[in-house]
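There are two complexes below, and they share chain A, which is joined by chain B in the first and by chain C in the second.
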Partner chain A sequence: MYRYDQIDRDIVADRCAEFRAQVARRLSGELSEDQFKPLRLMNGLYLQLHAYMLRIAIPYGSLNSAKLHRLAHVARTWDRGYGHFTTRTNLQLHWIRLKDAPDILDSLAEVGLHAIQTSGNTIRNITSDPYAGAVADEVDDPRVWTEALRQWSTVHPEFSYLPRKFKIAVTASARDRTAVRVYDIGLKLRRNRDGALGFGVLVGGGLGRTPILGQTIREHLPAQHLLSYVAAILRVYNRHGRRDNIHKARIKVLVQSLGAEEFGRQVEAEWRAMDHAAVDLPDDELARIRGAFGAPAFEARPARSAAFEAAKAADPAFARFARRNVVAHKQAGYALVNIALKTPGEVPGDCSADQMDAIAELAARFSFDEVRLTYAQNLVLPHVALDDVPAVHARLAEIGLATPNLDLASDIIACPGLDYCALANARAIPIAQQIAARFADPELAEDVGELKIKISGCINACGHHHVGHIGILGVDKRGEEFYQLTLGGEADGDAAGDRSRLGDLLGPALPYARVAEAVEAVVGAYRRARAPGERFVDTYARVGLQPFKEAVYADAHPA
Partner chain B sequence: MPTLIRLEGGRAVIAARDPFAEAPLDGPLPDGPAVLMPLARFQQQGPALLDEGLRIGVLLQPEEAVEDLAYDLPRLSMVALNLPKFRDGRAYSTAALLRQRYAFKGEVRAVGEVLREQAHLLARVGVDAFVFADGTTPEQLEAKLSLYRHVYQAASDARPPAWAERRS
Partner chain C sequence: MKALTANRLDDGDVVFWCEGRWVRRFADAELFAESGPAEAAAALARAQPTVVVDPYLIDLEEADGVLVPVAFRERVRALGPTIHPDLGKQAEGGAVIRAMQAATGAARSAGRLGLIRKK
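What follows is the complex of A and B.
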């Protein structure tokens, strides 16, 4: 895991000092709210319905126990004792006072955490594969490149006042766990026929009110030119992206209006004119960063663990957990243990300070001091010996986080919605809770199989509903909460290729009280129509909307 | 008269007087040895005036392409970049191109809604003269410019990026 050196620490400390002075200037009235707003946003502070929200960056979703303990401490000391993990591997605290923010940031900085560029029209916290360094199918460690991008993009002088926010994801596996095609820039590490490492460069993906999947502008960018090429993309966007209309300001609109081919041509021209040596990291710095991500000191262990197998045989609940939440590791005798923050009845992505402390202790004891955050608002212990999985499971059960529902119907992505967010039209959290309750029976959930439900409380699509197998979008109809369902979305792929697609609208929006039963009806139609072994999205692709429409609207009467 | 602050040898200094008189889009030119004019006027009259020995600065709006000036840059004394709103980041790329691509050696001046909290970024992309809209003093500017002890990226200034510092 990358550890900050003195330079990294100084930059975060200086940023904290800068923001403390800016808050003081705001509180004294020297800065207007208009002048202050971009400054607080680029330090992670939003003004929401009830209070300020602080969004803390977890670069490439990687935490150690000291950081997670500190997040717990901050949540306990300055917030209400819990935090909310997001799809973009940030942690949000929703009950912050502005005057406390500088002290919170100082406390975070002590362990190398910060909220730099988690909001505002900046290059945001960069996400990557939560399984990095632990699975066999990656072509290179994506964290090396993500860390290079993190440093390059931090307090970037040219790209701190972009037309709009800018999100980058890096993946190195055919099985994409980052939703790379819905990013402003999606980077897919691959090797070409000669074995040379490079990036497939996608641009212009994004959800929101204009959902679009990213398009490839470069099939194989030599890896060492990553930073200069990204700089060229940013420069073209910074100069030519629209600034007259906030809804048209994302890079996807520029890419759409120029066409991906012309946009790519402009990027190539800009890139060729750049001094690459000034921007790209030299080999020795890349080697320094790579060294920080070396494999942990794994022990030689047999591939099969007698303790693990015995626990499965003895305890059906553990067997189910092992089946659903435990993933094969590249190192024999080890596994990745997913911790779903999706206990039915709880808020998706929420984690209490006590739970954070307990997970931090598990990470320190059983996972080489590492915890990862995932796109699906869950956590992962990436390096657990199979022998230790029963102990980890037992402790997770004690803290209420052993639900064996990874990728199942109750493993729902939901934004904070109208319960917290000033932008929302409708609540997302209680909808998620109602749906999860209907699939709380683990037998039923496992029978239904992989089903990714994603809920957004407004068109900004923080819950990524467009790429949900079942997507749910809250809308406002004459002051009432209604919900549109979309089916068949996906943000994934495997060795057979990219399967990303946007969901299709099922039909008229449904009132709040009918959403959970409609989802149940959709699942019922799937179970009737599916072929053996077929996932929900595969059945949908085969049979289309009609059977689902009939199931949901059959007994509908006009509202 | 708005105050012009220049960066000279690492110090922020108030210019005793600004030699550049601002010319409108058309009409008579102001008197004096140096004139700041919009790009459109420069494109019509600039080369001839330069031949007459006049010192010229060109005022670029954020949507105007610095590429249009490329041929004439070696003869220009100054390029002024207008920031109509402090949140409009286009001038940052224009300044970067002026310094990094065209190796422009003259003054790059930020005008418009120029505020202290953005000054360190503007300086890094190559702005070396500021007309602040918020009354920032030379002392306040110097404090802002020295706030970050390290930087992660190369820009238009001479600051070594973190990776170069780590080598030494």
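What follows is the complex of A and C.
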């Protein structure tokens, strides 16, 4: 895992000291709220419904036990003993006091954590594959390149005041675990026919009120030119982005208005005019970063673990967990263990301080001190010996996090919604809880199969509803909570190709009390219509909206 | 009827105006029957930028004989997250808390619209 060097530590320490002074000036009245707001946002501090919210960056979703223990400590000491992992692999604390924020940031800085660029019109926390370094199908470790981007983009003077926020995702596997097509820039690391490493460069993806899938502007960018090419994209965006209209300021609107081909042409022209050597990562620096991501000291183990197999045979609950949440590792005798923060009845993405401590202890003991975050608001122990998976499962069961529901109906993405968020129109979490309760039976959930339900409490789409197999969007209808359902969205891809698509609107919005039963009706229609082996989205693609409309609205009473 | 609300600057807590000071509980809030005194209070509140952030007036209606915020968003602010009855002011209980929890219907919140305008 990359560890901060002195430059990183100095940057974070300087920012902490600067923000401490800014908070003092705000509390004394020297700064007005209008002057202070952009400063606190640059440090991830929002004012929400009940208190301030601190959004802490987890670069490429990678944590070690020291960092996770510290997050637990912060949640316990300055918040209400829990945190919320987000679709952007950040952690949000929802009960922060402004006067405590400087001490919190100092505490986070001690372990190399911060909240820099988790808000504001700048390059936000960069996400990557949570399985990086652990799966056989990746062409290179994407964290090397993501870390290079992180260093380059941190307090970058040219790109600190972009027209709007800017999100980048990096993946290096055929199987997309980053939702790469819904990012402002999506980078797909791959090898060309000659074996040379390069990036497929996508631009202009995004959700929100104008959902658009990113389009490829460069099939193969030689990897060593990553930074200069991203800089060229940002320069074109900085020059032409719509600063006059917040709703049209994201790069996706610019790409759409120019057309991907013309946008790509302008990027190429900008890039060719640049001094690449002045921007691109020197080989020795790349090697230094790469050195931080060496393979753990795996032991030589047989591919088949007798202890793992015996536990499966003896314990049906473990067998189900192994089937759903445990994924093959590139190293023989090891596995990735997914920890779904989706226990039915609990809040999607929430994790108590005690659970964080317990997971940190598991990571230290069983996973070479590594924990990853996924955009589906789950955690991963990326390097667990198969022999140790039963012990990991037993401990997860003790802390209430052994639910075997990865990618099933109760593994729901939900934003904080109107329970916390000042921008929300409607609640998302209770809707998720009601739906999860209907699919809490593991037999039923497995029979339904892969079903990705994603809920957003407003059009800003933090819950990725546009790309949910079933998407749910909270809307304000005559001042009341209503919910639009979309079907058939997806943000996935694999070696067979990209399957990303935006969902289709099912019909009129439903009142709060009818959403869970409507989802159950949609699933019922799927189970009746599906062909053997078909996932929900496959059946939807084959039969279209009509059977689902009939299932939901057949006996609908006008609201 | 109206009440005046804001978030306290130093900790973000939801507060309500009561005769020149800020109180934490909606049950203790001053209720304005006339717009003149309400607007006058809002003007005084805006002159306290080191005490509160973005004060604004909210509409109230009667529910079971108790005046409560019309907007669901404002009831959530006055109560706490609906998913955590043990957190926020709702944990303190009381007749006004129960009335807000039982209230149905909703309206657009002046607070949210103000936030969007400023975004």
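Everything that follows uses one rule, which is that the second predicted complex is superposed on the first by the 559 of 559 C-alpha atoms of A that agree within 3 Å, B and C clash if a C-alpha of one lies under 4 Å from a C-alpha of the other, contacts with A are read in each partner's own complex, and residues count from 1 in each chain.
As a working rule, a contact is a pair of C-beta atoms (placed from the backbone, for glycine too) under 8 Å apart; a residue touches a chain by one contact, two chains touch by 3 or more.
The structure presented is a predicted model; accordingly, all values stated were derived computationally and were not measured.
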Quiz item: Of the two partner chains, chain B (first) and chain C (second), which one does A:246 touch, if any: first, second, both, or neither?
Solution: second
Practice problem: Return first, second, both or neither, reflecting whether A:479 touches chain B, chain C, both chains, or no partner chain. | Solution: second
Quiz item: Taking the superposition as given, does A:191 touch the first partner, chain B, the second, chain C, both, or neither?
Solution: neither
Self-check item: Which of chain B and chain C A:272 touches, first, second, both or neither
Solution: neither
Practice problem: Kindly classify A:542 by the partners it touches after superposition: chain B alone (first), chain C alone (second), both, or neither? | Solution: neither
Quiz item: Which partner does A:423 reach: the first (chain B), the second (chain C), both, or neither?
Solution: second
Quiz item: Can A:323 be said to touch chain B (first), chain C (second), both, or neither?
Solution: neither
Quiz item: Where on chain A do the contacts from chain B and from chain C line up?
Solution: none
Quiz item: So in the complex, which bits of chain A are touching chain C?
Solution: 26-29, 32-33, 47-52, 80, 95-99, 246, 347, 418-420, 422-423, 425, 427, 429-430, 433, 476, 479-481
Self-check item: chain A partner contacts - residues on chain C that touch it in the complex
Solution: 7, 9-14, 49-50, 53-54, 71-73, 76-77, 80-84, 87-88, 105-108, 111-112, 115-116, 119
Quiz item: Across the complex, what residues on chain A touch chain B?
Solution: 5, 7-8, 10-11, 14-15, 17-18, 22, 31, 35, 38-39, 121, 151-152, 154-163, 235, 238-239, 243, 273-275, 278-279, 281-282, 284-285, 288
Self-check item: chain B - residues contacting chain A, complex
Solution: 86-90, 92-94, 96, 100-101, 115, 117-118, 120-122, 124-125, 134, 147-155, 162-163, 165-167
